[in-house]
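Below is a structure I'd like to ask you about.
In this document, chain identifiers A, B, C, D and E correspond to the written order of the chains, with residue numbering beginning at 1 in each.
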Amino acid sequence: MVADNITRSFGGVKAVDAQHLEIPRHAITALIGPNGAGKTTLFNLLSGFDKPDTGAWSFNGRALSGIPAFKSARLGQVRTFQLTKVLARLTVLESMKLGATGQRGESMLASVVPMLWQKQEREIEERALGLLKKFKLYEKKDDYSASLSGGQRKLLEMARALMTEPEFVLLDEPMAGVNPALVQSLLDHVLDLKAEGMTVLFVEHDMHMVRHIADWVVVMAEGRIVAEGPPSEVMKDPAVIDAYLGSHLDEDIGVITGRYDEEGNRLP
Amino acid sequence: MVILQAAVPASAQDDGSGGESQVNVEEYDQNVTVNIRNSNQPVPDVRVVVTGGDYEAEAVSDERGQVRIGVPTQDPYEVLVDEETLPEGVTVEGDNPITVAYGSQFFAPANFFLGEDVRETASFLSQFVERLFNGLNFGLMLALASIGLSLIFGTTGLTNFAHAEMVTFGAVAALLVWQLGLPILVAIAVAVIASGAFGWFFDAALWRPLRRRGIGLVQMMILTIGFSLVGRYVFLIIIGGGTTQLPGVGGTKHQIFGPVALSTVDIISMVLSLLVLLGVSYWLLRTRIGKATRAVADNRQLAAASGIDVERVTRIVWVIGGSLAGLSGVLWAYFRPGIKWDMGVQILLLIFAAVVLGGLGTAFGALVGSLVIGILVEVSTLWIPSDIKYVGALGVLILVLLVRPQGLLGRRERVG
Amino acid sequence: MNWGSILNNTASFMLSPETIGFMLAALGLAVHFGYAGLLNFGMAGFMAIGAYGYAISILSFGFPWWAGILVSVVAAVIFAVLLGIPTLRLRADYLAIVTIAAAEIVRLLFQSRVFDTWTNSADGLGGYHTSFREANPLPAGTFGFGPWEFTSDQWWSRLFGLVLVALGVLLVWLLMRSPWGRVLKGIREDEDAVRSLGKNVYLYKMQALIIGGVLGALGGVVIALPSAVIPQYYLPSLTFFVWTALLLGGAATLFGPVLGAVMYWGVMAFLAGVLPAMANEGWLPMSSTAAGNFRFVLVGLALMLLVAFRPQGLLGKKKEMTFVK
Amino acid sequence: ACGGDDEGDDGTSESTEEDAAAGDDAEASDDTSESTEEAGGAGGAPEDPGAPEAGERDLTLKVGTVLPQTGALAFLGPPEEAGALKAAKDINDADAGITIELTLGDSGDPDNRAYATTVPQLLNADNKVIIGAASSGVSKLFIDEVVAAETLMISPANTAPEFSDWPDNNLYWRTAPSDLLQGEVLGNLIASDGVVNLGILFLNDAYGTGLEAQLTETFEAANGTVVASESYNAGDTTFDAQISSIMAQSPDAIALITFEEIKTIIPALESGGVDMSNLYFVDGNIADYSEDFDAGMLEGSKGTQPGPALDDSFLEGLNAGWQEHAGEELSDLNYAGETYDAIVLAALSALAADSVEGPDMATWMAQVSGGSGGGEKFDNFADAAAAITAGEIVDYDGPSGPITFDANGDPTEATIGIFEYDGENKLVRQN
Amino acid sequence: MSESTTPTTTPAAQPETRDIVVDVKSVTAGYLPGINILTDTNLRAYDGELIGIIGPNGAGKSTLLKAIFGMVQVREGSITLRGDDITNLKANELVEKGVGLVPQTENVFPTLTIRENLEMGAFQKPAGVRENLEFVVDIFPALGDRMSQVAGSLSGGERQMVAMSRALMMRPEVLLLDEPSAGLSPVRQDDAFIRVSSINQAGVTTIMVEQNARRCLQICDRAYVLDQGHDAHTGTGRELLNDEKVIGLYLGTLGQEESA
């Protein structure tokens, strides 16, 4: 994915102003930056949910700018939403099945002839159930999506996106609100996906996770791309630390706030 | 076969110019009435001769340029004007004589309209200005109803099709109170208060219990349809199917400037609407409760979690929405004019169109939308047939939404 | 008071062309609203297009009845597309009002004197039955059983309508259990989410609008088959009543619309019979004439009570209602 | 529709048979009404079934009305139903071998669809005569159903021209005279008053457009000019745009072809600065406005209404019946006489046929109205009934006028009254 | 963020001797009829305590907060606030009693401006709006210069800040926080935790649900682990932080290895 000179402003404020952005293929790239840096807006632009003021980008050499959202998704570039969008009155399993692409039964004419799509449907269901197990949602498969908890919604959102078997997936804070133990197991899954050749771009504020899986980190601030590089280097960049990571990253906050001493005893 | 038994009204006035203008009228069953006018002015003292078969009679036109001559049969007769007796320079350009056909009747006209027609027709501009003001008046009245609807929609999410009945309620209440013998201004005040109370009651008796039961908005919307049916037919039972007028309706118009003429009632209603609208806007934008209504509109649960008594706010909104609807009903009764059991439904679609055009849930949007719709309805008839005047306004609604799906003043939502 | 005849009339009316037409229209709405989440309040427009399409093709162009129905279907498709272009991008509540407006525009144009040659303006069209009745395969005479005794022609329009209903239900059943239907339901819940999964939301909505619209138009045709077409019939209230039928039965259910239509007209017919009878017996403190008005008060009340106490409709799932906004 | 032939099973063959049977006599009503010159000819005369059989009768005729009790036309309902009630009472009181069982049903309007359930209900209850509907549009919606049930249908108020040649198996009749007659009288009245430029405001439906067309034709034939002709739709609420369009042309007089909307239009006209003494009203809106408007407001304005002057005893009976039924005063009288006559004519033809079957009664409808000529004139039911049971041919003329049906079931004769408003907004008959 | 605003003295007396502020006693609650999400759950917060709640997704943490706040029907058991029964009281009545909540989702008014959002927080105490605004802007300076932007157009993190601020505007005595750090950048997260801690130390009893469990356990006095609608473990933050079982089941080892 190569993008050039993308800008988008809202009433005078430039939310995104990216000169040049390259996302390496078959790798995991993390997009980080302070709140309001323009990360989600950039996602919206790249996925066709919003129109840029200027700029062009291409994916695998194919120009994607100006294409409506569903088309870019069809070309293998799928996104998730930071504020989750669940399909309230579809069950979890149905939502998953909806994700699958290339379904014959989704054409209006073919849909009335079940023979044409039933076999494919069974395969899709199998795949969906497999993913649900990994995402710890198997038990919930027959519940309405509306009844999921905040974290479960995030999980479903990501699992659903993976159902499309994308070449390139844009994950907007996929693990916010997900239990750390589960995050850990899911990261392995993401690494598997990379091994299978998927390209991942994700926004995340959990630095442990970024450190753990990202091959490349892009830092945005005030709409601009301010730093790039492998995680270990970028996280040492003083500008990044100052504006984004903060000085306490790996310290014990209990100590900093003065509630506990270094040994972990409660202070008065 | 048609046998028609109509006779000409025995003309009451006899102008005393010698009776020559009415000849043989009493003698025969059928007659010819001749009118002679020059440039739309009656021409007196013109000799007219009627001949047919072996009958002939003549008469001289009276002050009104009229002659009436009785004839013995229903056969065709020829009516001739003696051009000699016409004033200097006036000639008959059309047929002379005219042959009168009786058709199925016992009287027939034979009119000689001479000279140029000198009507003074209103210029396009003056018509335009006149309708613009009329539309403005209509729009302001619509705005009162629309803002009430928009407020209720805003705070409860309810698309209230029974709003029409709340409008009618105001007018009917004013009528009933007035019929009790109270002065009309008191009646109107009582009606507006009663409308507010009606709004309160509506909420307390119906919507609050339903909200508690967690009934979906679409279901509630259908419920309002049921309520609207009930309301309308209750009004029909109470006031019957006819139209009744409040006192002070009609009245002559005062020339304000140029072609703009407004009646006293028009002026009062426009000023009143404007004041009330400004008041409501101030309330919404500046006061704590006003802001709370918008918060409730956005997210009831969160509003409650912020310490807002959501039920109370909703109640207040229903009361205000009800009073505004009631007031607009009274003004509507003066604008149409007339009170009828279904007067509300007849503008319901326009109210909705106004609210949507401006952007749902935005009070100012409702105001702007109402003015646009009001003016469009009135002005568009300068170009399109008046029996499709609503088509113009509704068409504009669709066109505007094509360009601005969120309405004129609505805000687009952010994705993601 | 003759209960027998009142019940008989009620039962008989449950199989009237009016009821059958409502079934089709409500089924169309089920596709629009129940499955695709389109708050279409312009069903009357589709029904008007169907009825006028049928009548005008026969009266003005001398088409046979089946060609008239085809014209209606095509006209409904065109109307759906025209309606869809500006409206399908709108939020649900905007859509509701705009579709009412569109349906009113359609009605006002049919009513206007501008197209008098074809539409006969406010007086509407009638007397186009010959072709349809000639195609009647049933033997002449009156037959049937119980309350459902009709003449051959009456049976013909009813049976024809019922066949359309059966086909419609079959079609909706097939569509909604397929992945196509799943996409539609997804769109109902959140368009953007579905869009992000690579589905052409606009296209699906358009398809749903067309299918529902065609069903509505056919409903219009069925109602018009044995009677006439007048513009005042297609007021927004027609849409409201079809909605009522739909919600009585259950919005996202297969047989809900059918049952709802039967219920709606059943209540109407029952009250029409029972109220004047009660008034005549002196059980109601009003004349039978006033009872006519009272009927609509009661219809409105019945509607409110049904929705209040069974918001999911007769066939709907209670559970689903918890998540309805 | 042609007499005697009641088994036509489809529209086309029926109407061709009809043409064949009635020859060139069966023309559309507008032709018929203008064919005044044919003195005593067979102009539109229906087939004559001959004199009725003499003898006692013992018939029970079930009559159902489908008139607007609810909905937009509800204001038309009371006088019509009062007419029906009075007719039933008069017929039953006459004890002439026929008893009327009257059921008052609601036609509603196309919006609330009350007729949809009322009509099947009345038909299932074996009513042999359906009286209704008030509006042509509503009649159109159920006429085919009534005809299919071989039931007589008589409308007291329909004026749409299509009903003249509707494939109705001779079962549809109407007692309201064609508006063409009224339009002609009104046009000539306005012209005779010396009006040069006329504005017209009319309702867009069969009634309004029919009258408007005839008025325009007559008025322009008399050298006048219609300078503005504005229509509105049923259900419209404001008329300012139309009034302003008309006023822009500054006409000398305005003809108002409306129904009840007039109560909104008059104040609007007044505040629009219209000369209120130069208005012309029609039967749909002409009424005593002494209660509604300020004295003197309409003084000098005129209007037309079909029908002879209703005599006081008829009015008293009408009001008394209504008072008893609904417990309130009648405020209007529109179409009361027409409804009354519809039921009386149905009863007379039942007596003549000695049958209450729809097609049988239909055979005699034209004759008892005087349509076949030669009958003795009667102006009340009791005497006419006695004459029929004595085997005589009758020609009934009732409170709605000298009704005489042609082969299409349309009345061909009418008395058009001309009225002028006095200083109290009351009507004064001029002829 | 400077630490100087942190009050230095908080009575570190034994919890048991302090007043019980919130007491959730064997509560059973749920959304759908017949399905209980919480079963027999207990939770107790003493005056001035900072309580953490952690647990896997779908355990019922948010449900528990909502149950305390009267937004979910409590079917069995009782909830008391300083001894008063508040079971199933309406949310706005709880606000009157000094309880504030920051929900996990849908926690801002999208069509209101930031300022109006904050004013809504102070709905019941309009008097101190100005001061409170300053206080909040001090915590989240990012909000300061965009007061008239509508909240619906804010980024996820910005919304979270608005949501927190709205609750702080209430100046509550008891604060319920549902994942306050979600979506915040690391530096803001740290700020948020520090703030929560300092607010708590100023005497506000605080109950916070967190998925950033390690951070949460680092500052809280006591914590509950919720699993499948039941309080599975409880202990002081430090105890749980080092509990092998808790680490294995709920905390994971991701952060640990690096921070160690």
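Methods note: a contact is a pair of C-beta atoms (placed from the backbone, for glycine too) under 8 Å apart; a residue touches a chain by one contact, two chains touch by 3 or more.
All of these numbers come straight from a predicted model, not from anything done at the bench.
Counted as hops between touching chains, the shortest connection from chain B to chain D is 1. Counting hops only between chains that touch, chain A reaches chain D in a minimum of 2.
A comparison of C-alpha centroids places C closest to the centre of the full protein. Compared on C-beta pairs in contact, A-B and A-E come out with A-E as the pair having more.
Chain B and chain C, compared by their mean Cα positions, are separated by 32 Å. Chain B and chain E have Cα centroids lying 59 Å from one another.
Centroid to centroid, with C-alpha atoms defining each point, chain C and chain E lie 52 Å apart. Annotation for chain D: residues 70, 74, 77, 204, 231, 233, 235 touch two or more other chains.
Among all residues of chain B, those that touch two or more other chains are 233, 236, 385, 387, 415-416.
Those residues of chain E in touch with two or more other chains are numbered 31-32, 153. Per the touch definition, chain B reaches chain E in the complex via residues 288, 291-292, 294-295, 297-299, 301-310, 361, 411, 413-414.
By the touch criterion stated above, chain A contacts chain C in their complex at residues 47, 49, 68-71, 73-74, 78-81, 85-90, 94-95, 97-99, 101, 103-108, 110-112, 114, 117, 121, 144-147, 160-161, 163-164. On the chain B side of its complex with chain A, the touching residues are 415-416.
By the touch criterion given at the top, residues 1-10, 33, 35, 37, 40, 42, 64-66, 94, 98, 101, 103-105, 107-113, 117, 119-122, 127, 130-131, 134, 138, 233, 236, 240-245, 249-253, 261, 263, 335-338, 340, 342-343, 346-347, 377-378, 381, 385-387, 389 of chain B touch chain D in their complex. Contact residues of chain C toward chain A in the complex are 171, 174-175, 177-183, 185-186, 188-190, 192-201, 207, 211, 319-320, 322-324.
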